[in-house]
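Next come two complexes built around subunit A: one with subunit B, the other with subunit C.
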Partner chain A sequence: MTPATARVAAADLDTGVGSSSWWRVALTGQVTGPLAALILAVVIFSTTTENFFSGANLALVVQQSVVVGTLAIGQTLVVLTAGIDLACAAIMVMGSVVIGRIAVSGNVWLALLAGVVVTVLLGAVNGSLVSLASLPPFIVTLGVLTALTAGARLFTDSASYPIKSTLLTALNHGPRVGGVTITYGAMAWIGLTVLMAYALTQTKWGTRIYTVGDNPHAAELVGINVKRVLFGVYVVAGLIYAIAAWQALGRTPTADPAGYPTANLDSITAVVIGGTSLFGGRGGVTGTLVGTLIVTVLQNGLTHAGIDSLYQQVATGVLVVLAVAVDRLTRTRQSR
Partner chain B sequence: MTTQTVLQARGLSKRYGHVVAMADCDFDLRAGEILGVIGDNGAGKSTLIKALTGALVPDTGVIHLNGEPVSFRNPLEARRAGIETVYQELGVAPALEVSQNLFLGREQRRPGLRGSLFRQLDKPAMRRASAEHMADLGIRIQSIRQRVETLSGGQRQAVAVARVAAWATRLVVMDEPTAALGVRETHQVLDLILRVRDRGLPVVLISHDMPNVFQVADRIHIHRLGRRVALVNTGDVTMDDAVAVMTGARSPADVPQVQVSTPDEDASSPKGTDHGER
Partner chain C sequence: MKFVPRGRVALATAAAAALMLTAAACSSSSTPGGSSSTNGGAAGDVTIGIVNLNLDNPFFSTLGKGTEDAAKALGWKVMTAAAKQPGDSATQVTAIENMITSKVKAIVLTPASATALNDAVKKARDAGILVITVNGTLDPIDTADATYATDNVQAGKLIGQWAKAAGPADASIALLDFDLSDGPAKGRHDGFLAGYGIAENASQVAGEALTKGTIDTGQSAMENLLSAHPGINLVYTINEPAAHGASTAIQAAGKSGVTIVSVDGACSGVQDVKDGIIGATAMQFPDRMGSKAVEAIATFLKDGTRPPSGVTDSGTELITDHAVSGLASQDSTWGLAHCWGQK
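This part shows the complex of A and B:
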């Protein structure tokens, strides 16, 4: 070690430390690619269709993104640990029908609380099977998805409950700015993204999620309780799904046991397109926010272009496989 | 004894059913030395190292750390006592920055309200400390904010060594740290091990590679059939002799051994605490 190299290292560091505001870290990183894709999609639809680029339609895009976007935040946490939650929308639907059914009897606050308890408990079921029983997340959440799809119908006798309470639909309202409504649900989605971006990049909790997803063995060797981190992630995801359930009741004021059939896969698509690696340890919620908007813009824009909704699903499917392929390619290149 | 013994074990044994993994095994590590541990496959080197680092609890025997009796029930307790371990290729998180890897599991929060209320990590301080530490150890990397996956294999292992060197207060154990590396990278890591010793941390180096061990070790612990059959000064024996003793081709009595104190003679360790089962 010569003093010269020490100075070089110190100089590197000085330039590094100066630009390390947490929000800048959250914004840069792996978000640049998805952001470019989003802008490209917006430009294409704005120039090729008449009504896409209007305040009302862009506000609609945001409204259409709220539920999937919030689900995708929970999904991101799970995927960062190299897991996957196939049951996220099913847990949300279960939460919303519990809220809907209890709200019929009057006490909406109790209904909301029960909904939160149910989604958190279901998250804990996922979490304990994945962490304590060391079962693969894919199988665990597939099982929970299957059971809940039937469970929600059994619980409701396949009926839907109309939602009349103003509390339960509150997230679909909000202040009007320049002719468009900014709903509280959209604010909750954006706010939760900011909160989670901070928690993931700036706290021990977040660092541990990345460490566990990146190299669980190394995490164990340095004394991180891997099982506890995993369990916690599924529980927090369950809590986030409760917020999504509340948002969903606002958007369509019906608690429908058969609602949101594509939201499970849409949330995974949003996470993957947003640059979070299915192999764990890389990515974040800022990318997921952009990924969610890409999914919605694609669906909304294709509708404006007069393309059948079945083709929209084909497009989404192609997009998610493409995103996984890019993830795989970049990972192979980096590990060389 | 003139030099202080940092880690001493007497009469360690471990059985798994009928399999004896460790039989009445002794161990001595002095302050300021690199102790090579060599032994054939299946000789029980790993069992010994696991017993010393808390990864397994021996059936019998005593371990003294700086003269104090210790019994580790898990690796965390050994780490808390100041013993850090480097493993072959498993110790780093490739997607995380170098500084995050140095502080893995030991992240620091900011002082004041940002740390206590908002739980914010002190990334600038951790990066600064990491850069200083890496420079101290002579490890050259472009930036402390590089992801570990962008480093070469030797640099990655250097990061793992730098981490244990940063946190160990008593000694460092390195289990086959160069097994996955090329020749040039192996030498970088060996140089680093010498620097760690020169900074005052004794090192236990487990390796299959005889030339590496003879290049850096001050003394060599030869392990065979679950116990230490010889403890030699590196300069006193040839590599061929060491291999012969290790494989049983020669008797340990044929090589010049180092005299070690028994616990009863060693003033630094308490008397009559154990050995009942021997």
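This part shows the complex of A and C:
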């Protein structure tokens, strides 16, 4: 930790937060590249395939993005603090099977509440281990992931619960506009993104997250309680995973302990492709929303084009490495 | 360059290294002998090793439990280890090496890979250990002493033949696969096409997509295929969770008259047959694989007779409530009485 690093960290902050027009900050910089990639992908698939560019299919792309997209909002908060949450999907799945199992006996409101309590508590477990015990987030969340994957199976005896309640599946419904259903889940996802974009760029809470992620030592020097910020981030992420669990029950009306096996990595992919730096302190949820859409558009579009699914994974992998390389390059340049 | 946070890169590297250590630790910590029974008798001090795959999956836990129960019934001790997922052969190699050191008499192996375990298996056999694979084979097939497995090509054929006879006349087919480098997945896929009587690139095949064999991935894959090819009316699925997800996608798209076929015979899947969600499924019998392997070991230990080399089919049964003539099947009521996993 040298004065030089602190100075650069502060300079970084100036470019990131605190500007008067927060929406401009949210849209410029890190989002430009991903947005261009998304538009390019949409244009290519629209011109080369027959059924891609239709209201119904584009609505489908959004619906398929909702669960991972919501998880990725929580993931973004964690990554902004230079952390990583491998357990996000496992926490969501645990929440959903708790909801599913309690809902079987009738009281769906109680079930939903229990789901929120469970995911927030699990977020708090992550948060305390990372902040109080100062353990690396990678290891903490890997441990929680491993335990929860088995835990969800033990809790359910590996059974899955069909969801019949209209409250629990409500997020998969919504008004029809021009023959296309705009689900409440999609609205919630986009609304949550806007809310978090505001909170991250316009509140002290958000500024602290960027500062801690960019340079925890500098953050401490300016009087920020780093441990409290870290703990708070994991708890808020836990709350967001509860919303993701509700989204998941709507989309796939089954509480399945084996569900969403790769959603944790998918959410990290979305965050990285969306331009948030894995080194912390740079990025935001708007980019993550775009990153999530890019991954879904690739899957959907390549299926429309009749291309082998394995190439979808190749394309996603290339994008991830590209995004990290771009991040690394811009960081290096700024530091000179 | 002074700004680039090398400390965090180092941390990430350390974390990755720690991850590998954790994986290694998992495998060795899971190898100590299971609860031993002291029912000595003629069995003496027989210990066998069970190397399983992904105990989270009820199929493999049923298979592992079937093997373990059969062994314990004979008064044997059991060492167990499990890979975390298909392809995780490193954990299985470590487990086999540990079992060689512990001088087990036989190993019942659910291979995570068809080739990556060959050296470890050869070492075990050189040490005089009988190695039997269950559910999957090694390549070449005589790398292990014997194999008890579902004939997945046959399973695929059964549902392919049924689909040809009972499915839509003018078929537009979707194939919801699992990674085709996986032996059983490829077997079912090829079997279905053969049973239906078409080639890989036949015009009837509207599209294919990969799933992870789960409900949510089956649903997303089906949504994309239906969006690209709205006329799809026959769906092959790698397993019943994928089939269940596919049916959710079909309902959401407001389609009717789409026939879904699958493979597995899990209780939840058979229930979907009963509920009319799945047209037909080919049931397999994981517990039978394990008990047959243990029988073979017992014979070998008694008089040195080795089990027949190659695959011995542990059986498949077509489950459907729409029987077609010339194709043997059982109804869903029979299926629910013989299925595996949670009811």
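We adopt the following convention: the second predicted complex is superposed on the first by the 316 of 336 C-alpha atoms of A that agree within 3 Å, B and C clash if a C-alpha of one lies under 4 Å from a C-alpha of the other, contacts with A are read in each partner's own complex, and residues count from 1 in each chain.
To be clear about the criterion, contacts are C-beta pairs under 8 Å (C-beta built on N, C-alpha and C of every residue); 3 or more make two chains touch, one makes a residue touch a chain.
Since the structure is predicted, the reported quantities are computational estimates derived from the model, not experimental observations.
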{"item": "Subunit A residues touched by each partner, larger count belonging to subunit B or subunit C", "value": "C"}
{"item": "Touched partner set for A:L221, first subunit B, second subunit C, both or neither", "value": "first"}
{"item": "Touched partner set for A:A150, first subunit B, second subunit C, both or neither", "value": "second"}
{"item": "Partner chain(s) touched by A:R282 [first = subunit B, second = subunit C, both, neither]", "value": "first"}
{"item": "Which superposed partner A:K164 touches (first subunit B, second subunit C, both, neither)", "value": "neither"}
{"item": "First, second, both or neither for A:T207, with subunit B first and subunit C second", "value": "first"}
{"item": "Touching partner for A:N300 - first (subunit B), second (subunit C), both, neither", "value": "second"}
{"item": "Subunit B and subunit C contact sites that coincide on subunit A, given as residue numbers", "value": "5, 8, 334-335"}
{"item": "Subunit B residues within the subunit A interface of the complex", "value": "75-76, 79, 85, 87, 90-96, 100, 104-107, 109, 118-121, 123-124, 127-128, 131-132, 134-138, 140-145, 147, 149-150"}
{"item": "Residue ranges of subunit C touching subunit A (in the complex, touch as defined)", "value": "1-5, 8, 11-12, 14-16, 18-19, 22, 56-58, 61, 177, 207-210, 212, 214-217, 219-221, 223-225, 227-230, 241, 244-245, 248, 268, 341-342"}
{"item": "Interface residues, subunit A side, partner subunit B - complex", "value": "1, 5-6, 8-10, 12-13, 16-17, 20, 22, 202-205, 207-208, 210-211, 214-215, 217-219, 221-224, 281-282, 334-335"}
{"item": "Residues of subunit A that touch subunit C when the two form their complex", "value": "2, 4-5, 8, 49-52, 54, 56-57, 60, 64, 67, 82, 136, 138-139, 142, 149-150, 153, 157-160, 248, 251-254, 256, 258-262, 279-280, 299-300, 303-304, 306, 308-310, 328, 331-332, 334-336"}
